[in-house]
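I've put the structures underneath this note.
Two complexes come next, and they have one chain in common, chain A, joined by chain B in the first and chain C in the second.
Now for the complex of A and B:
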């Protein structure tokens, strides 16, 4: 049996759960979904629409709000009570926060951030990126079951999750938790003061990455943005370095955009960046490395030195 | 306050890596190495906490002899001393084996706070910190953007990054472990004085008896299959630029 740990917050199911269910359904084993929280009956009923053997509703007052201590304690009991072959998660921030500790508590290892899974010589292997996406690896879990893996957001399509002919059974699973043993005391989530720049409305975006090398070279990209009437944006490392403000960051920890034109300059294309911009209608990438992952999503690519190519694009746009 | 910072040495970001002959790892015997960048942010945060609250900063690192390069660099930036769990068997080890090696060497130090980077630039498991917390029996919080130590030193309050621009404050007792988000601070670099001072700082080398079970094994590492239909534009920079502008106007119609 493959156990999929669904993610919900305040009764709203994280849609990445459907993607992980789709991954699980392709593994030739019955699939069970589990949803964890203080009140999960509605999300459990929602999950029951999937073609799964059953849905486990794991409810306890101490599971709301989310804490890693609470979730590790609860999920360890669920895994031990159900004895799955493998346990799968969507690779969200919440999974990253507790799933490695859960696996460690049960003497196992989490294979994180997988983009696929396949049968290799009769063995179930997990495929994951390494070295910032320059390589992928077929990874074999070793040791006794259950094995733990998480799937990258977008690696499977949510609509690939097969729906059942009838709603699956929802079963309540009781867990013993000591609220006083939960060491983290979370406060309510909040958003920072309204962002000064709303990149989601931009029709054209010029985004810069590490290839720009230094803050002193930013005017090069600013000039390109100006002639294109585009907003200037950046990948995370540029904002981390303080070269551009955080509200100009595109990616999983920044803004998600879908402009008509996205021109990526010196951005190698780590997955955290790609998830924030791959919905753009036309993507242009300028990068010195022909193997850079950004070219996996680009419509047009120029392999070359951005310090030559960008001024040339400005000149070509200006020249008419 | 006694703070540990876990630091990994990784292949330099721009190094032209190729799979090794075994096809289970990369060819790195002639590569250049550097400090894993997310760990540099954890180190910087530890140094800033020391400036505010006093105490010492101890670098903890697990790997072969070559990692002394990044240990020295961390000492040059201002860490006080270091623990090096040395084993060739750790050179391509996964997060679990590294966390086990670090936990054994760190157990008796009774750190008040342990900081790690968010993830490594090579394997990218993003879990050495979380597994280490579990092994040391410490509460943890991940993807931290701000650290406030309570005035009485008994606990701390940290700002976690959630997805899509959301944040959350979480309070915890000390000792605790935090994985630090990149960009939490602005990095300092070693001064000449720091480099000189680092030569006199203690690096305690801890031998390792056998590497813990990895729990997973790389069967094959390969360059991902290209699936994109990128249209590459060749020629000199001016030629390519002119052709790009033409295509954006006439084919993509976005200009």
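Now for the complex of A and C:
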């Protein structure tokens, strides 16, 4: 059995959970999903739409708000009670926070940030990138089950998660937690930057590069992002010049994203940028240089002046 | 915020072959001589030991054997003995083999190595011998008491690009030492300030440099047997340019392919990175690389001036070793063994000076005596004018080099006169005699055999925190967009092998401006050396930043 740990916050399911369920469904073993928190009945019901054997609703007052100690204690009990072959997580910040501690608590291996998995002679091998995506390594977990692994966001498609013919059963799982043993007391969440943006969650991204020429032309890209309901991002030179904040930078020194649509405007496609966005499902590039490497990864390419092409796209979409 | 301090007896700045050899020697002296052991520490700016080390490299193991006779049983990464030496003179299409390999280039008994692996292993030996190696810390300034060097201050961490403190700010540490051994590498930032402050290069020939650019390739293992060593002269360089190519074969089809170009070229439009790409397109090289994969990239300057360009290497409380001083034999294309040997001598001098409680420059001048009386002078003095003779062109250089094997390096004027390389670069107008300069020889970039700089940088594994002050200080960027653009056509955009310098359109159509992509920097130091106005100052970025060489 493969146990997938869903992530929810305030009753809202993190969509990366569907991607991890998709990964689990391809492993030729029954899948069970578990969702952890103080009140998770709604998210558990939402998860039950997936083609899974059952959904475990793990509720306890001490699990809200999130603390690594609370989650490690609860998940350790769930894992011990259900005895899965493997436990999978979406590779979110929260997973990075508690999954290593959980694996260590149970004395099991954790293979983080995977992008795939395969069966090799009956053994489950996990695939993960190394050296900034230059290489991929096949990793065979050793030691007794369960093995822990987390999946990079965007490695699987959320809509690849197979839905069940009927809703799966939701089973409540009781856990024993001692609130006094939780050593962390979270403060109210805050975002450091005023408009901090999590580009990894964006479904559509419009990214601008040096072809935009000057900060005064940025509204053009902003307009395009608006009509597409997309987030605005940029290549390094734009953020380096301070035209956009650094949290909008895509690439090896910025964020790695995998949206459904990535529209690269005036980006030549240096490899440092490509490693941050090549996982996007559909890549559209606008560049006046037909030899620009961005066209090697683009699904659709427009060779042309962005100052003509972008307004035309905006006009076409606005007319809808 | 309180600045922390740490007191040691001997501080070694730089975890390369010179610094690590010095540290290891000090640990051995502690063990052999008994008494209260000296406390020794090594500072290294790379995040991991060896990560900023790059060389060809063919190693003459003589110094290592003297430092550590049991290197073999300790698992030194000297796996591949040189089996075959070849030299070619390249024309645009052909490769003419030299009938005999000249004695200085015979590598029997030497090893094809990865310097970065060697340094990593050496750092392990040093740590096992009880010396602290602090990786991820760069020395940013020398500490003085009066005119005596008393240690090094490391760089602050957690400053943003405007120099303001971020939440993670931590002030640098003062490491106070009775003797500081500067082994901070070619054009070391601390050595540079020490030489200036005390005029340690007075009466010496100016140091000359070259830039080495290198890639590692994985090719069909049957192409070239491991241990093969190939050097080339000629194409794509012209008679007036110094340098050449190299191909060293490691096991399992891995080739170390590189190109060295003298940083004393006259043509302001010369581009070492393009020269390297053209070298790879020569049939001799492209046939070896065909179907293979480039897996790593890097670049580093190297000191070529030799004996006459060595500065005085001792001052009150300080010694200079390795490439920082210029201990490199450009006739044999080797410096690692001399770097190690100089580190060992520096360790001997420092050890005795600390034990006797006298760390004055006069007492530390024992280092100069050891260099004079030992194998370093024996090797460097006879070839003292070789590099300088190439200023007259390839043919003059070859003739003189051949002759020096017989004459012991004698010349009518000794030292043979020479100039700092950057002074030899001519203005576009002067070099091309007015008029429009011809289009320089370009090279098609196919990202299979040839690469643009930016793609190459990716393969150096270079990382810097983007939000930190630029570590390339350009004193006056107005010169770049007004004078330099006219006079030299911004040679920084060509001699930098990592796309750090770009001339871009200024905002609102106000002409051009210099764009510094400091986070691309591979720490080769070429800009500090070669800028014609000498207004670029390379200072260390936040500790840990820089390339991440593996197997280089």
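We take it that the second predicted complex is superposed on the first by the 190 of 320 C-alpha atoms of A that agree within 3 Å, B and C clash if a C-alpha of one lies under 4 Å from a C-alpha of the other, contacts with A are read in each partner's own complex, and residues count from 1 in each chain.
The rule is simple: a residue touches a chain if its C-beta (ideal position, glycine included) is under 8 Å from a C-beta of that chain, and two chains touch if they have at least 3 such contacts.
Every value quoted in this text rests on a predicted model; they were computed, and no experiment measured them.
> Residues of chain A touched by chain B versus by chain C: which partner has the larger set?
Greater contact footprint in residues on chain A: B.
> Have a look at where A:266 lands relative to chain B and chain C in the superposition and call it first, second, both or neither.
A:266: touches no partner chain.
> Which partner chains sit in contact with A:276 here, chain B, chain C, both or neither? Use first/second/both/neither.
After superposing on A, A:276 lies clear of both chain B and chain C.
> Where does A:90 make contact in the superposed view: on chain B (first), on chain C (second), on both, or on neither?
In the superposed model, A:90 contacts neither chain B nor chain C.
> Please indicate which partner A:313 is in contact with in the superposed arrangement: first for chain B, second for chain C, both, or neither.
first
> Between chain B (first) and chain C (second), which does A:246 come into contact with in this model arrangement: first, second, both, or neither?
In the superposition, A:246 contacts both chain B and chain C.
> A:213 contacts which: chain B (first), chain C (second), both, neither?
The second partner, chain C, only.
> Considering each complex separately, which residues of chain A are in contact with chain B in the first and with chain C in the second?
Shared contact residues on chain A: 131-132, 134, 210, 236-237, 239-240, 246, 252-253, 293.
> Under the stated contact criterion, what part of chain C meets chain A in this complex?
For chain C paired with chain A, touching residues are 447, 454-455, 457-459, 461, 463, 466-467, 504-505, 507-508, 515, 517, 519.
> Quick one: which bits of chain B touch chain A in the complex? Just the residue numbers, please.
Within the complex, chain B touches chain A at residues 11, 13, 17, 19, 26, 37, 41, 94-96, 99, 121-127, 130-131, 133-135, 139-143, 161-173, 176, 181-183, 186, 213-224, 226-233, 237-238, 240-242, 244-245, 247-248, 252, 254-255.
> Sort out for me which residues of chain A touch chain C in the complex.
My answer: residues 131-132, 134, 210, 213-216, 236-237, 239-240, 246, 249, 252-253, 270-272, 275, 293.
> Considering only the defined contacts, which chain A positions touch chain B in the complex?
Checking each residue of chain A against chain B gives 68-69, 72, 92-93, 96-98, 100-101, 103-105, 108-113, 120, 125, 129-143, 183-192, 195, 204, 210, 228, 236-237, 239-242, 246, 252-256, 260-261, 281-282, 284-285, 290-291, 293, 295-305, 308-309, 311-313, 315-317.
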